[in-house]
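Each of the two complexes below includes chain A, the first together with chain B, the second together with chain C.
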Partner chain A sequence: MVEDLWLNPWLPVMALATSMVAALVIFMLPEERHVLRTALNLGAAVAKLILVIVMVWGVFHGLEYQLSFTMLPGIEFELKADSLSMMFAGLSSVLWLLTTAYAVGYLENSPNRSRFFGFFSLCVASTTGIALAGNLFTFFLFYEMLTLSTYPLVVHRGTATALRAGRSYIIYTLSGGAVLLLGMAWLYAETGTLDFAPGGVVEGSPTPALTAIFVLLVAGLGVKAALFPLHGWLPQAMVAPAPVSALLHAVAVVKAGAFGIVRVISDVFGIGFASEAGLLLPLAGLAAFTIIFGSVRALFQQDLKRRLAYSTISQVSYIILGICLAGPLGMVGGLVHLLHQGIMKITLFFCAGNYAETLGVHRIDELDGAGPRMPATSVAFTIAAFGMIGTPPLAGFITKWTLGLGALEAELPWVVVVLLASSLLNAAYFLPIVYRLWFRPRSDAWPEEVRWGRLETLGWLLWPPVLTAAAVVMIGVFAAMPFSPLSWAELVVNREYRP
Partner chain B sequence: MMPALPFLAIAAVGLPLLWLLTLPLAGRWHRFGLPLLPVPALLLALVSTSGWQWSLPWLLMDSQWLLDDLRRTFLTLTAVLWSTAGVFALGYLDNRNLKRFLVFWCLTLTGNLGLVIAGDAASFYSFFALMTFASYGLVVHEGTDEAFRAGRVYMAMAVVGEMLLLAGLMLAAEEADSLLLTELADAVVTAPQAQLIIGLLITGFGVKAGLPLLHFWLPLAHPVAPTPASAVLSGAMIKAGLLGWVLTLPLGLATPGDWGDLMVVAGAAASLGGALAGVCQRKTKAVLAYSSISQMGLMMLLVGAALATPDRAAVIVPIIGLYALHHGLAKGALFLSTAVHPPAAGPVRWAYWLLLALPGFSLAGLPWTSGALAKLAMKEALASDHLTMVTATWLSPLMTAGAVATLLLILRFLWLHHKQAEPAANPPWRTAGWLLTVAGSGLVFWVLPWQAGELVEQPYWLPKAYQYPALLAPIGLALTAGFLAALLVRRAPAVPPGDLLALWPARRPASGTVRAQPAPAGRALQRWSDKVSALSVGADTRLRSGGLLALAILVLLVTLINQVS
Partner chain C sequence: MMAWLMAGLLFTPLAWAALSLLADFRAGWRLAWFGMALQATVAVLLWLAIAQEGGFYYPLGGWSAPLGIELRVDGLAVTFILMTATVATACGLHAGFYLDPDKPWQRYFWPLFWFLWAGLNGVWLGADLFNLYVGLELISLSAVGLVALGGAADALRASLRYLLAALVGSLFYLLGVALVYGQFGTLSLGGVAQLAGEHTGLPGAGLALALMLAGLALKTALFPLHGWLPPAHGIAPSPVSALLSALVLKASFYIAARLWLELGEPQGSYGVAQLMGGLGALAVLWGSWLACLQPRLKQVVAYSSVAQIGYLFLLFPLTWQVSEQVSQQAQQGMTLQVISHALAKAAMFLAAGNLILSTGSSRVADLAGVGRFLPFSLFSFGLAGVSLMSLPPSGGFAAKWLLLQASLASGQWWWALVLVAGGLLSAAYVFRIYRASFQEASGQDDFHHPPRRLEAIPMALALLSLGLGLAGDQVLSVMGLPFEEGS
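After this line comes the complex of A and B, so read on.
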């Protein structure tokens, strides 16, 4: 199964093409071809998932899938499936399938569905490209494509708030892109290469120019990763429809930024170089501040999705913090959170969407008694919330434990204090929601209740969060199994440290 | 090693979860499975051999489950009490929110059973956390304002405890480069931050075990829960903190610092302070909750002595298990009896009061009960000539004082129950559950199939002649004091449950909403000054009678007994 087939170099392209082709066909479909569009969407998502699974299997057995051609003299377009890219590609393909199913239910009977699903697929194609990009240039292409394909999703509803949020989003991310481009050009001038390689491509001793390039690259990527003080667009962008928020917070935009920072640190500068040049500790400090800042701001939000948005700002910085610990355990902790945070946060956004669509509930203080009314959704929410807090044996605990040990290994005990403080704050803003769901009686009617037959809500909306919540439990309880996020992160780090 | 044991272990933690999953399909018969859920765990405790280990490399981060004499004792306690409390629950619960209650019951049970057999930090902490968070649902089940206040205090302290624990476990695991609990304990001693780790572990588990100053939630939360839940909270779950101490602290190894002596002081404060706050209670269940704090204080003495005297740890640790088993079942029986109505008249009435009082007197060390054995074993283990610690000479008088205090509490409990309980008929399951627990408290102790420590002589259930005074003197003293108190004191001073928590100004009512916006700085300042004034005024009125009096008597009693002996 893992022999060198002639097909192998084409697998990354095919994985990319599934969503790209789906996007183009869907754009051309008439609005009312509901069944065909759904079939196309789901078919493409399943096809992509299968391709990614095949590649994961191959990469596990030491294969590399690579395809490149020269675009400009000295600048290559390169797609490559290595262990790190499979992590992000795997996350995006699994969650694309679930989010597509969810979006089908969510947008039932609403206008402009072809436009929506077209850009939705394009957005997923961009994340796949980001995952599979074999050098910084290719990464940048897909990174900008992601910006452009998400904008129509953010403003999908077309309301004044949505347009305002979209404007803010586009200003932030395009400026970030410009800074990234500047950093990239300077990097090319300085080193003559834009390749990604395990252990980094930067050689020699640290220079001020390299430091400046690092700052530019991280600042450019930090906009999407919602690193303080570049986070302003994210809480506004939650006006987008729930499936968009779910994808935005779990895989697409925020993760693309974090993934980019991981790539830059580990495969461009190299952890050893970056750490010796003293670049990582300041970034770790910034990430730690963002973690606490996001949690504190989340505490004061009364809108459910806004609270989740600030929670994302906090949680995504765990990934950056982990990489900045500059040791194998810390890196495992950061990488594993790339997947864990995605699965937990998408569950929470799915659930928030379910409360909004089924009960008309948007605010946390309207959630009283939602547990008995929507038990499956609320169980999923509860599991994901406890996962975020880092309660064992759920996914978040594995992250927190690995990161904590990584911090102690790197002799940075203050990081453990930050992790504990963040857990306390997470408990402080998630537990009151759980309490309202299950223990507060419902006294008055729901704001806008919709009945969907036998189930508590539409099946399309119900199953995705139930599955992801089950995954939150499974990837925690069975963290030591092969192909679990933890095992895969260990594989990535092993290959990084012993290339 | 028996090949079936892994299956039994999986069944022990899996059966409650499986039963939980079938809840949506449940008919009326389904709830009768409740008492059977801990049965695989009980079987596991009985048929396994000490030293049984099972590695589960696929679970969490490479787990290991194991059983030794200590864990088998704790597992027996946990399984028996949850089972008999389950019988009781059949005759206690009504249909209001029944499913919700059963969900939390099963989750808590899984956690409580699992943590006993866990041999590595990750699975231990997982089960511990499951128990901690799920038992919130048991505490607040009645849905009263009082229950939600108790739940809030409980949750706040539990979360803080979890964080302390996590920090301690992480530091230890980093030092040990392993997750196995035995290796953690070994590594703690040589760690540069040994003091910090030990402090974190003691306080982290102390929240659950009722360590003084971390105990406030306990007299609030244990009484407000439905009675069968109170029984397992105060009988079985409270022991999880104790077990955590024994498993993670470096007992038997030379430990830096004076943590052993500190724990002895804390244990003394809990044992006497808890008793004195307890006699000032107005509700039977609150009296019993304080009695639990007081009894846990005695177990803290043991842990402290084992920590301070490494070469005695091997002797003391089995006694801790015995004491936990004895106290858990007796306290469970007492909690259940608060909801059993006395018969109107006749010899049944006499039998009722006899069975009601028996576990209580057992706690005080009445000869021929489990308490007598536990007390004697403890006394011998803590004999001062074996111990080198600073507080060694205080241990014996502290134990005597503790026994007196215990019986005073029991007398207070009996008095209150006598005044408050109305004669009525009991649902049969309720009576059965209570009787089973009383029987368990009286019998389980004697049929343990394994050696529970080398101090226990055969036939150990008959104290030797010279031991009777040691057992009977505190009982006589307490009876006299109780009688005098009944003559002289018309009304005991009242201490609010949660004692020192009364210093904390009253919070917003349960129906209030979470604050929407951060208050401006000016308002925050105003609130702080309000708090400070409320603190001085409220503290004075609420604690004037109870707290200070209790403190004075405590000091007096210990000094007196130390002089006498």
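After this line comes the complex of A and C, so read on.
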């Protein structure tokens, strides 16, 4: 079953092409071809998922899928499927399928759908490219493409608030991209290579120039990863439609930043080099601060999506904190959270979108009694919220447990304190919502109620959060099974430490 | 074979110019189809031939160097010829569909178009200073004519201003040429370079270089001599603006670059190199800033040209007394910037023309709602914008990467900051247009849809400029070592 076929180098290209071609065709489609557009969207998502599954199977058995050509003298365009890239590609392809289904339902009967789904597909194509990039140059190429293709999604509604959010998004992300480019150009001038390799490519002893390059690269990537103080765009961008928020928070944008930081630390500088040079501890401190800061800010938000946005700022920094612990267990904890946070956060945003679309509810104090009215959505929300808090045996618990062990292994007990404090804060901002959902009676009518047949809401909107909530339970309970996020993260770390 | 290709290349534009003088706009348009097809074929064949066999000197009419005119056909020249053929054909096709054939002045479009093309080919191939001057004059005069084509008072005023700048520029250049002739007794670029290398520190030669560079900088609209450009490029009909921004500016820059690479080392100085680079940097910042403030769409695009031209002048400090490798990187970066800006800017002006055609207004503010009704032209505009913002994978990005490498490797890190800041500023004016068109305001929702063929042309150009970055290595390999003297 696992052989070196002639087709193998083309698999990453095909995975990229599925959504790219879908985007081009969708742009050309007239606005009213709903059925064809939906079929194309879902078909491309399924095709990509199958390709990624094939590659995951191959990578597990030690194959490498690689394709490269020379773009500029000395600069290669390279796509490569290794264990780390499959982690991100797997996340984005699974969640893309669900988000596409959700978006079909969410945008029913709204204008500009060809434009929306075209850019939506481009956005996922960029994410796949980021995952499969075999060197920093290729990574940058898709990283900037992601910025450009998400802008039209953020401003999709065309209102003054949406345009303002888009403006702030683009100023933050393009400036981040410019800083990243500067760091990358300097890195190339200094070392002569931009390759990714397990254990890093930077050699020799730490120099001030290398420290400056590290700071530039992390600052450039930290904008998308919403690292404090570069997080300002994220809460504003929540004016976008719910599927776009899901994309920004769980599938693509913040993940691209966090994934980039993981790549830079583990495959460019190398964990060993970076920790010897004393680069990781300050970053760990910043990540820990961001975790607490995001949670505290989340406490004070009354808008549901805004509270979730601040929660993302906090949660994504777990990934960075994990990798900065500079040990195998910490890295496993960070990597596994890349997937766990994605699945939990997308569930929460799907549910928030359902409350808004079905009941017209946007604020937390309007949620009283929504549980009995929309039981499936509310159960999904509750599971994901408990997952975020870190209740065993859900996904978030696995993350926090592994991270805690990693912190002890690295002899950094203050990290455990941060994890505990963050869990308490998570509980403090999620439990009141859960309480309102289930235990407060509804006295007045819903702001804007819409009814769809037998189900509590439209089927397209209902099934995605139900499935992801089920996944939150499954990946927690079956964390020890092969191909679970936890075992895959262990596989990545094994290959990183024993290349 | 080669002789036929050269003949076709040089004489069809002149012959077509003469023929179209006799015809009206419609007949000239039918004639142009054939001419453009011929020119494009010749350009492609010549490019393929050079890619295989390398460059050569072509004595015009069989008379060789000191007596006759010798043309230098090398990798860079044919690449620019191919670029000219691509952009000019696209603009010609667009003009044929776009311009109103019944306006009386319009019949002069085709003769001027062909004279312009002939001048451009002459400049790319020219090997001596006087021939380059002749080519340059041919270009300037036909460009001025094209701007005046509308006949409106504004257009005449802009074209007079343009004419004045062009003439003053030529005057300076010609003075420099005269000084060179007095000093060295030859006008062939190779000969002058050889003599200048042997006798360094001649005061006359330094002055001559300064005069020629000043004249050419005026013609290229280098900051602070750019005042004539935005009115001229903004008022002209869109296909003309595209030609002017994409090609005409490059001709005078190309001569300046060749002079610098031949004479800069012996006769220039650190100060001159840094001054030219500094003016280029100011052009990038000032031009982009003004582009952000313009209320009219085409003025935004015109000021963007002022900024983009600025990048090219970074060639001067990045090739002066640096290692061979850095100089080569800078030259490659500059060449890619010339080509990608030509393609992207032509695409942008043509797309802007379509947008203006369909909204019926030239103001940026009136674009509200275009994102919904006219995605195709807006998309072309956007893709061209990606290249201007120098984001990957466009040719503009490849150019920026090479220039960044050159500036870091030569220790002139301040140019790297200019490159990065320039990219951000250009994003500011490009996104200003996107933002305006994504607006879902009430108001106009009645748009005139231009025909598909008008929309397809800018899209093709924008895609080419975007793909240039991916094929950068192939394109650069044909350019070979740009500006390298064969003998």
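Following the convention adopted for this analysis, the second predicted complex is superposed on the first by the 499 of 499 C-alpha atoms of A that agree within 3 Å, B and C clash if a C-alpha of one lies under 4 Å from a C-alpha of the other, contacts with A are read in each partner's own complex, and residues count from 1 in each chain.
Operating definition for what follows: a contact is a pair of C-beta atoms (placed from the backbone, for glycine too) under 8 Å apart; a residue touches a chain by one contact, two chains touch by 3 or more.
Quick caveat, the model's predicted, so the values are computed rather than measured.
Applying the stated clash criterion after superposition on chain A shows that chain B and chain C can sit side by side.
Of the two partner chains placed by superposition, only chain C is touched by A:140; chain B is not.
In the superposition on chain A, A:479 contacts chain B only, with no contact to chain C.
Of the two partner chains placed by the overlay, neither chain B nor chain C lies in contact with A:30. Of the two partner chains, chain C is the only one that A:186 touches; chain B does not reach it. In the superposed model, A:73 lies in contact with chain C only, and not with chain B.
Of the two partner chains, chain B is the only one that A:408 touches; chain C does not reach it.
Applying the stated contact rule after C-alpha superposition, one finds that A:453 touches neither chain B nor chain C. Smallest inter-chain Cα distance, chain B versus chain C, after superposition on the shared chain: 32 Å. By the touch rule above, chain C contacts chain A in their complex via residues 332, 371-372, 375, 379, 386, 389, 391-393, 398, 401-402, 404-405, 408-409, 416-417, 420-421, 423-424, 427, 431, 434-435, 438-441, 469-470, 472-473, 476.
On chain A, the positions that touch chain B within their shared complex are 300, 302, 364-365, 386, 391-393, 397-398, 400-401, 404-405, 408-409, 416, 420, 423-424, 427, 431-432, 438-439, 441, 476-481, 486. Partner chain C is touched in their complex by these residues of chain A: 27, 70-73, 75, 77, 111-112, 114-115, 140-141, 144-145, 148, 151-152, 155, 157-159, 163, 166-167, 170, 174-175, 177-179, 181-182, 185-186, 188-189. Interface residues of chain B, counted against chain A in their complex, comprise 57-63, 100, 122-123, 125-126, 129, 133, 137, 140, 143, 148, 155, 159-160, 162-163, 166-167, 170-171, 173-174, 513-514, 516-518.
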